[in-house]
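Chain naming follows the written order as A, B, C, D and E, and within any one chain the residues start at number 1.
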């Protein structure tokens, strides 16, 4: 739990703008894609000079930095793009709450990307996106191919991408990230259905832990999507000089997706809550079954034992003891008593009742 | 559950405007109704040219497309009406959240229609409505006769329909969709009453599953009606060039219906919550009954068995054993003891008590 | 439950303005009261002409229509007062949500009246009030004397009624309706107290049903009063030509009453929620009592029975069996054991403990 | 409960402004304090003339009316100060929701005073405060010394009181009332702590009733303080001619106190909720203890009784019965079995385990 | 609990501005730091004159007062800085709700500092910060080194501190306080994880008390951070003459931290709620285990005891008693019966089932 919230945080009272590079952080790789309506270039670069070079050329330039493990390089990039020291700290000291902030030379959008591993464990990664007059600059925590569909669309020449500016490219990146919530939702939806199916049969503490974990994960997902909804709303409403009016309709679509994701999350949270009440009632039902078994056994055999006890007494004057028919008669009485109890329990619906067919 | 939220969604990172045609989607059928105050025509058409033809004539034209199974045709219709590619994607990539959006040449209203099958399973379908200067264009997911009452009203010449523009026709369609929530509510209301009646007798896990399912369905209904309330409010408030002032009072009526539906849903959700607590307490009550049975049986027979045990001992010096009255005396004591216990349990209200008459 | 929400509703897709007259609806009776500061008249009328007649005279005219069972007459009245067809439908197709709407020639206020029968069952009735330049027109679902206090105040000449216009009369009617919530609240308050007192002794499923029913009724009351609060607020805020400034202070008082009713309802809902938790804990306590009884009986007698069992064995070498003091010694041991158990249970507070005095 | 909400209310449909004097209402006592920066006078008066007399003199006049039992006198005071009939009704027909209202000649502030008796029962009293150009007029339900600290501050000449106008005096009164919530909170805080300490040992239905009662009282307290927060906010924001700008900073302080009281109330409500869950779990724990006792007793003695039963059988061929070592051997086996069970229960942590030290 | 809310409060009806010095309050120590871009001075002072002296010199002056135990000195400082008597009361009469207030000569920001001792007990302290043209004046309840990181940054000459005004220094102090919430969150996060791990094994009332205590502490933390979020927002939005535009971006960062802290708190509260349901279900599971043990023991041995009882009867005509094979046959039957029961319980999953592996 802590891991998702406190991966790293600066020392209390540290100077604002302090960058906290985690010792396991990967060395940054920088990939530059530059495109005009007619051509496009895709390079791996290593130095600030190469970036500067690309920026001086025609077209939209997308600088994608993957990995945070080199403070000097990141500071150099920050200086080159005149990134405010607090903005740069937000990029490095993940996780930040998703938000958008407007600066003189660029717009910053901090997004949160989610994925699920095979054990239903949620993975969260921050992507920070700066976009200005002719560039988009993205920072990712780790190497990853999540933005490959965007690169493919740049290559393909179809659609408005190649003819549009950096705002459209930024939209495409954000849209891809938010689309990435759908498969996660799908997996959790299936997981919830599995849990629901297994629940009655298997109301164990471990099950409860799984329900609680899924609730927590749904909460984390909500914390990822809600602020993005607000941030995109700000992009649409505010008059940012970096966003064309034509692009706003695309952001509006993106905004709709955020709301839809939030709606589904809400439904899942309700479902998880229903699982909890199912779990608690399953415990109660199990107890009922155990009690019923005990009651049936005890109610049948305790009276019979009592009858046997009567004729185990040593009184001298117990005339029944001497009749030849007494023993078979008692046995029959016992059988009848047991049968009567069974019939009674059957009528109460405690035994030989099928509940779960349908 | 998933089915209602994820029938189909575009691939992560797909180009905006990508249409996802489900492989089972029905081939579209297009029906055109054109009417003036004096006459009306009703045709099945197949090509764009026929649509164009009708639109060039006098009167209000309603183009109703049922089924999504032909991407080319739908794109052609979209092009002809200059529908924005994102709007067209919203039409095809169902389900979208109900909303209204204003474009230069038409207003888009995305609605959600509900119905219930005999197994209380909720069916949800999206209807997308474009209306402009002289036309209404609707897209439905499947074939269906849900809008037949509107067609009938067009034919009948009574009421303001024939004298009004496309805004009134759009209102009539939306109103019919929202009216369609009432029978669904009615069915769920009856279902809730049935569940309530069966609950105490039949507090089984299956019952709980039904309560949870109904809660989920009520939630889905709310997700269908709340955004429509907002969307209709936007139609009333905003100065859309496609809505006459006279028509707004009708939309206001429609808005009232949305609120009423939402109110009833809220009450039903409370009722479903009450069912849950009834269910949990029914489990507790059952357990009490089982325990009581056990306690009564044990409390009566264990002391008696003990008494019998006493006189089953083999001490040589047990003078009682030799008295002729000893056995009958013990039997009487046993009867009295048992009777006393029964009287005590009766006084505690554990047996022979009628609770449920009134 | 359904009855309160769906008494009647129009067919899906019916033309707006369709009136649904229930087959059991009572034939309307029309009563006209006309008053000037100096005189007042009170007549039963039957035709539109008589109404027109009265309206052409001096003073404020109050036309009170009780019963909805004559569509022609109601349409005629609607036509005469130029009532919008949707407004007329709202009057007839009860229940509508309370609201106010402003038209050119009159203001419409839809109110909801409540009462409780002796079985704590809530009765809800809609009163629709139109008021214009010189008239107030009210529609009630059924015959009733709930507005008699207003008529009495008209007759009595005291207070501002006779000197004021139709807006004050409308206020007096609305105020009387809202005042009618107080006795209902009082009854439910007493009912809640009764339930609370009976609860611990009588935690039966029927009790739970009563708690749930009262919660539902409180919810229905809230649905009756909250929208009226908003509607009255609109009357106060909006510049309606039909409301004098002097009358607004009276509506403000009425608004305060709405809030007060809503506050009390809120408290009652909390109380009902507390009853639920009391109910559930009472079930738990009952179970504890049952279990305790069982445990005490079993803990005392099972060891004794075991002791008796020991000396019921048929070993040849059991020297104790032959001692004359053995039987009395065993009986004493048994007494001491039982006494020790009782002392122990007493110390645990399971028996002979008074909890409920204070 | 009713008592707090329905002490008295007007008949349904009564004329607005009707005063409902409760038959037990105390006869009003009127105390007039008049002060200028230099002098101050403190008199008991009986007639309107005396009040008029004081008002005609220099300085700020505070007329404090305690007790409502004289309609004629209260109406006379109302007339003299030109109090609107609805405002006067709000003063007399307690309890009203706290609020402030602005009239031409004075500002009305309706406040709610709270206190707790030794049985933790909440007492609520309404104080109505009118303040105008040179006077403050207060109405209290009963005699009481709660405003004595204010009188003392008037006498003492220290602080801004003597140099300020009626607005500051009104502030001082309101501030004293709101300060009066703190000791109440303190008492409930201590009561909650007591309840918490007693809870585990004493989870009786009476305890639950106390928790529910405290929750209800906290709710009543919140209903007393929240509307005052709003009312004071209105005093600060609105441009009342009766409040100097210099006094507003004092009202702002008063507003802060309201929020603080509300915060503490919120925390107490959470605590009371926690008590409820503690209570329910205590019931569950008690049940566990009872069950454990039963299970231990039964598990130990039932097998032993069975063993004894074996050798109580009358088969002719039971060679063990004849061995001299059989009886001691069986007794040893029984001891070992019992010991084994005890060891097993000890290992399960059911017996001889200390949980509550720390 | 009380301690945190009512450490001290003024007498009801006390004059506004009354200072309540707690008898254990520490004597104030005053430390003055004055710095210009080039130099910095750090002194312990004792008198107002020394403060005046420092203020007359160049640069930014930070007067840090630790301890409240000298009313005369604090009033003297208040007079010297023209602090409003209510503001001074807010400083001394802790705890106040965090807030910011704007005065003519300075801005007041009341903050709340948190820390956790080794027993997970929350410590809360109020820091009041005044900042004006050339000074920052802070009041702390107790001595403490929590602001040492700020002093170190003043000394270090790096960063914007030395070149900025008192607004930046105030920011640095507030930021340090809010950063101080992170380690507290981290500790509670770990504590929650520990509780979760121990919960199933150890569902004791003490555990519940710990869960409730952590919930209460999380609530106190929220009460500490939420109002600060609002207060910082006011600093950003309002046009305070004491805050430079360049500094606002830093306050915006601080605002983000507040939201992040609040988010984590929310998640923790959910987690604590999940612990509660885990706790309750653990009690239920324990009960199930106890019941199961009882049921298994009783179901196996009660029938066997009955069988033994049968052949303990003294009928003369029981032919089985005389057969040599009868005893071994009965013993075998008993073994088979017991084995059958065990097999049945095994099939029910009541025994020999591993649940918790994964």
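Everything below uses one rule, namely that contacts are C-beta pairs under 8 Å (C-beta built on N, C-alpha and C of every residue); 3 or more make two chains touch, one makes a residue touch a chain.
Because the structure is a prediction, the values reported are computed rather than measured.
*Asks:* State which chains count as neighbours of chain A and simultaneously of chain E.
*Replies:* none
*Asks:* Any idea what the CA-fit rotation angle from chain C to chain E is, to the nearest 5 degrees?
*Replies:* In short, 145 degrees.
*Asks:* Can you give the whole-Å distance between the Cα centres of chain C and chain D?
*Replies:* Taking the mean C-alpha position of each chain, the two centres sit 26 Å apart.
*Asks:* Once you find the CA centre of chain A and the CA centre of chain D, what distance in Å lies between them?
*Replies:* 42
*Asks:* Mind pulling the chain B residues that touch 2 or more other chains?
*Replies:* In chain B, residues 280, 284, 287, 291, 294, 298, 302, 305, 309, 312-314, 318 touch at least two other chains, as defined above.
*Asks:* Across the complex, what residues on chain C touch chain D?
*Replies:* 147-150, 152-153, 158-159, 161, 172, 175-176, 179-180, 182-183, 185-186, 189-190, 192-193, 200, 249-250, 252-253, 256, 259-260, 263-264, 267, 270-271, 274, 277-278, 280-282, 284-285, 287-288, 291-292, 294-295, 298-299, 302-303, 305-306, 309-310, 312-318, 350, 355-356, 358
*Asks:* If we count contacts the way the header does, which residues on chain B are in touch with chain A in the complex?
*Replies:* 1-2, 5-6, 9-17, 84, 86, 89-90, 96-97, 99, 101, 202, 204-206, 208-209, 212, 215-216, 219-220, 223, 276, 279-280, 283-284, 286-287, 290-291, 293-294, 297-298, 301-302, 304-305, 308-309, 311-314, 318, 320-324, 326-327, 330
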